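Read from first to last, the chains carry the letters A, B, C, D and E; within each, the first residue is number 1.
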Amino acid sequence: TTANAAATSQWCKGVKIAAFPGGPQGGVFANNVYNGYVQAAKDLGPTMKYYFSDWDSAKLVTQMKEAVATKPNGMAIYGFGGPEATGPIVDDAFKKGIIVTSLNSELTALQSKYAARGFGYVGAELYKAGNDLAKKVISNASLKSGDSVFVWGLKGAAGDRAQRTVGVIDGFEKAGLKVVYQEIDQATNTTPASGGPTYAGLMAKNSSVKAVVTDHGGLTATAATYMKAANQKPGDVYFAGFDLSPAAVTAIESGYLNLIIDQQPFLQGYLPILQICLTKKFGFSGLSVNTSGGFVDKTNVAIAKPLAIKEIR
Amino acid sequence: MNSKTPVIQLKNVSKTFGEVRSLSEVNIEIYPGEIVGLLGDNGAGKSTLVKTIMGFHQPDEGGEIWFKGEKINEWNVAKARELGIETIYQERALCEQQPIWRNMFMGREIKNKFGRLNVKQMKSEATRLMSEHMGFTSTAVHPDNAVLTMSGGEKQGVAITRALYFDAELVILDEPTVGLSLSETKKTLDFIQNIKKSGRSAIFIDHNIFHIYPAVDRMIVLDRGKVAGNYKKSDITMDELIESMYRVARTGSIKE
Amino acid sequence: MSENKDSKVKNNAARPPSFWRRFGMQFGIWSVGIFMWLIFVFTASEAFTSKDIYLAFASSTPLFALMAIPLTLIVITGEIDLSFPAVMALATATFAKIYSGTGNIWVGFIAALIVGTLCGYFNGWLVTWFGIPSLVITIGTSFLFRGIELAWMNGSGVGLTDDKLLGVANLLVGRSFFGIANQFWWTILATLILWFILNRTQFGAHVFLTGDNKTSAQLMGVNVSRVKRRSFAIMGFFAAFAGLVASFEVSYFWPTLGEGLLMNSIASVFLGGTSVFGGIGTVTGTFVGSFIIGAINAGIVASGINAFFTQVFFGLVIILSVIMQAVISKRIKR
Amino acid sequence: MSENKDSKVKNNAARPPSFWRRFGMQFGIWSVGIFMWLIFVFTASEAFTSKDIYLAFASSTPLFALMAIPLTLIVITGEIDLSFPAVMALATATFAKIYSGTGNIWVGFIAALIVGTLCGYFNGWLVTWFGIPSLVITIGTSFLFRGIELAWMNGSGVGLTDDKLLGVANLLVGRSFFGIANQFWWTILATLILWFILNRTQFGAHVFLTGDNKTSAQLMGVNVSRVKRRSFAIMGFFAAFAGLVASFEVSYFWPTLGEGLLMNSIASVFLGGTSVFGGIGTVTGTFVGSFIIGAINAGIVASGINAFFTQVFFGLVIILSVIMQAVISKRIKR
Amino acid sequence: MNSKTPVIQLKNVSKTFGEVRSLSEVNIEIYPGEIVGLLGDNGAGKSTLVKTIMGFHQPDEGGEIWFKGEKINEWNVAKARELGIETIYQERALCEQQPIWRNMFMGREIKNKFGRLNVKQMKSEATRLMSEHMGFTSTAVHPDNAVLTMSGGEKQGVAITRALYFDAELVILDEPTVGLSLSETKKTLDFIQNIKKSGRSAIFIDHNIFHIYPAVDRMIVLDRGKVAGNYKKSDITMDELIESMYRVARTGSIKE
């Protein structure tokens, strides 16, 4: 990462923070959040402990409990454990003087309860991001009511994560499009290249599909492989997805992938740490920051490319 | 003692494994108080016969098993043992990682009326049986020891002792003296005589005609799955029997 | 001659196996547990000297310990079950659906336990009827049960915060004495019950015999198929119960419930000294194994080892624990 | 007497086992494969009558088939390996690091294969030296290898789109004859090589003996520990190779590489008729098994079953295939 | 034939398993052309002795094994077999799911100089051996058949035939006639005589003194891990031997 530790005085030194990158170690998205945490730690100087939750809400909740038991000064948590489970833990944490702030998925009730004590939120609204992408796909690919689209997502995923898929589907259905939905299977979820035959089979059955949305960074980046498997050339379907990654940049450049919406996960890691430091040192209250950034397509991919390779964007 | 009704009777029992017909149309009956020797070359089907009697193998279509004059339809090992048939199998049928006491009471554990096992009683019974019935020369016979660590003969001792414990109507011994020392062999042969004395029956399989002949009342010779001969001891001398065994081995037929 | 026999018996035969030999297996796992605990007390003393972390373990470890304990029985019979996380989810889905349909908590509760038991029984039936190794067939049923559950719930979760549910939630996952979570007591209870079943019932005796040598057991009249079916049914029952506990613990039923618990449960069973080859195992060993597994992750993070190195250490701790456990047991046996 | 003996031999002993009995196992898996293919040809004729879908299979199935095939050897020795996805990633990380450090492709390539082989050997050493069941210890090494890889890569992936890499990329995953992906040919080659090793070398003979009855094999002088260590080393070698193939296929090395391939590989081996208990198995069976596993998902979605029902059907197809396979093999054997 | 150097010699060999001492300070030598009978009660340590000679068990610290006058340090089964010691184990040492031919050549497979196995030759050799050396009465002896489906005696036949195939300097037979029929037992005893005739040596373990006595030159009696007696056949009659065996069993001592 680019920052030079000597350039900043680490004014947040000595503060202990438990941070949750959300997914598995080295996983897409989670690693960008993690990079944000690391950068913030370098810049500000707090002592960090990381809890990787494999996108598993039960695990997240367990880890949050264990983190509270180690009595840090602050905690940066995901919201996908759900308000019901997270609530009591956050109550307990604040009782013990731990500053908790949230990222990626909102916990509105808790935010209003503890905002004054530093509970903030950094993230994109997942449902809205999905919905926005659907709208953008409709306009970019000039789809009409009655056209078929294929959504390959994770509706069954734990927690808030599923909301983005639901947002995409709702967006399409509201515009009168016919949605063919397929849940991403286990092998494809972790090794996207395995999904080739599934994609090809689905395309053979539903040959009228005009656009595809994959709600998964890995699959989005593998667009070229899928389309080749189904004997499609760039442009045969309008392919869109989520999360910027180096492989996705390549896919956009090659023309197979048309559109990406990026929610800037690096910021979702960086800013919560800043939030905790600010609250701890200066007593600032919780901030609410929307990171749902922009769309990336052929026109602006060049700007994002170098950052994507370093997994900052 | 009604010796008219056989304890066990096989009618037309065949058993086929794939292409191998191990038993073909065997008819056999064992009467109370009778010791029957079962002879036959390797692979003649002796062990298969035993396992069919025990209900471990189901006979092919058409074969019938009668116990004390009643035809039995759903025959299985647990039922056979409950009705009073115990077997010392050729392969010993031990669970070697388990302690001796579990092996001793395998399948017929001692429990109280609520179904709770009486582990203490099983252990003490096992100790008693092992020291009374089989004299062991090594140190590995505490009831809590795993069978695994015992010598071949000691394992056989466990299998024999187990069969003795349950006072069975019919005891089947499939080559029980294999691997036993002289004195243990003698004990086992004595035991067979005791079965007879108490009016119960036994089937005794052994390759050693010198063991079989003195011990039994009747001998059945199996050859390639068929009953090739059935002799009262009073009808044949040991030498004649040996002669006829060789003949079977050579020609496949008991008759000259 | 008989007096000679007796004297021989006295000299050679009455010696019981040594203490180590008899309790070696349990000793192995306990010493691994204590050793690891000491390490964490030193490297992560802040966390491991306050009671909070133990309260956290008492609430989180039961989520998989409740399944590892009955899994021990299945492993002793020589089989394995990979489908219990899916059973957990399907049973809890049953509860959620029936409760939201009828409003009756107890009907839902009982139905969930029945569904879980039936799923387990179905596994056992497939294994014994077709003679298919459970490692293979439960991969298939795992997809089947999970698929049914997802299709039924249409992939969405259900909140369990209804006031009417407070009673059952308190019963399952409330806090009692010194703030210890109830699921901890449930786990203790499950351990005791399964210890009794395994060591003091005929069924339990047959579990050992079945796993040790199936043919021998059959030759002696043990109905090994029935033993296996029942072991799987017990597993299903406890998976259902654990599903409810895990869902009430977070007041929400996620359709992916259980997915992360598979490896933890299996590792607990084996770490607890149960043999992969069947015939040998203890539920108390599994109980200790669960808490070791539960503590490793938290212990490593709390020791200040950061980020990506946690997995390296998790791996090392598992490897070393298993090695220690193997070496201790072997030493003791000879 | 001797002429009599001979005639007896002629009458009774010279009958070979029937064709079914000898090739039953292979026959089972092939008929399951053909049966499933026919079903898909009817229910999903659009997809299964065009060549595209087969080209897709040829490119994606090798990702796990390349590991399922050597895994067969390990399973025949009576062991299992759960760590190969992590080995895949660690070996590929080695390639990425060495290539970016030295710019030399072949040094990186060889180093990756060596690292893979060593990881496998390490597994084998742990299993044989401490006598720990592989199911347990490879859970541990899986975390260890994955952890080392993540710590080394700092969790980040690497693009493999460099022009200098085009040659090796083409070799591994390029398209040749009729657009068939090269990894398909590599899989065929791996099958042939491992068939030869298993059936025509002493090592292969010892693999069977080791898995069948370890003690007997040892009593007859087979070094079962060495056999196991070598089997694990072979597995590691192929995992490394598969890691490179999978990464070049998507021109990117993801640090989570391989995670989803575990179940597919294991299921392929067992579906292919290899016994969980060791001593029995064929690599050709595994090859067919892999393509069955690889086709199921596509077949189901192409039949028009979508969303969550795919999983239900995936489970059903696996269960039915395994049952068919078991029933056919059993029928044939008697 | 230099009968001064023993083929195999054990010096001070002990073997302890946990608390059980199976062998204690055993000194034994076998000379070329000599057939030695090994007698002893169950658990006396006979099989343990055999496995120690084969290198399957390592002797406790202090014990030494000498082969043809040379002390051997890294002893293992493969080496022992290569040097020319073959054993028919009491537990048979078969891999039952494997075909007969694989069992026959277990550990000593036939291969060409590039290491490629000659499967065809192994199969045809197996067929020849099975029909020449052991006459089977059932249909299950095609070399491709799994051992699993054979009867107990047939399996033993495979183990015996295997040991015959490799012209060993020293053949050890641990209760080889167990489960064999009269005629097969006779063949096995004949085979032992052939070993002697060709100047090679054998160790023959059997519980049946009637088998042992006629076949051997010398008898060693083991009792609870110790060598309790060592007789040339010329020094003792069969009756004296039986008498002394009973005495050992009763008193643990060979002397009156």
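Quick note on the criterion: a contact is a pair of C-beta atoms (placed from the backbone, for glycine too) under 8 Å apart; a residue touches a chain by one contact, two chains touch by 3 or more.
A quick map from chain label to UniProt name: B, E = Unannotated protein.
All figures in this text were calculated on a predicted structure; none of them were measured in a lab.
Considering the contact criterion stated above, the chains in touch with subunit B and with subunit D alike are C, E. C-beta contact counts were set side by side for A-C and A-D; A-D has more.
Averaging C-alpha coordinates per chain places the centre of subunit C 47 Å away from that of subunit E.
For the pair subunit A and subunit B, the distance between C-alpha centroids works out to 71 Å.
With centres set at the average Cα position, the gap from subunit A to subunit D is 34 Å. If you average the Cα atoms of subunit B and of subunit E, the two centres end up 29 Å apart. For subunit B, residues that reach two or more other chains under the stated contact definition are 17-19, 91, 136-139, 224.
Contacts with at least two other chains are made by residues 25-26, 34, 155-156, 183 of subunit A. Among the residues of subunit D, those in touch with two or more other chains are 8, 12, 15, 17, 146-147, 150, 155, 263, 275, 307-308, 310-311, 314.
Of all residues in subunit E, those touching subunit B in their complex are 17-20, 22, 40-44, 47, 90-91, 136-140, 149-154, 156-157, 175, 178-185, 207-209, 223-224, 242, 245-246, 249.
In the complex of the two chains, the subunit B residues touching subunit C come out as 51, 54, 56, 76-81, 87, 89, 91-98, 102, 105-109, 111, 115-117, 119, 127, 130-131, 135-139, 141-142, 144-145. If you check the complex, the residues on subunit A that touch subunit C are 25-26, 34, 38, 48-52, 54, 56-59, 61-63, 65-71, 81-82, 84-85, 155-159, 162, 183. Remark: subunit C residues 44, 46-47, 50, 52-53, 55-56, 59-60, 63, 150, 154-157, 159-161, 246, 249-252, 254-261, 297-298, 301-302, 304, 306-308, 310-311 touch subunit A in the complex.
On subunit C, the positions that touch subunit D within their shared complex are 126, 130-133, 135-137, 139-148, 150-151, 154-155, 263, 266-267, 270-271, 275-277, 307-316, 318-319, 322-323, 326-327, 330.
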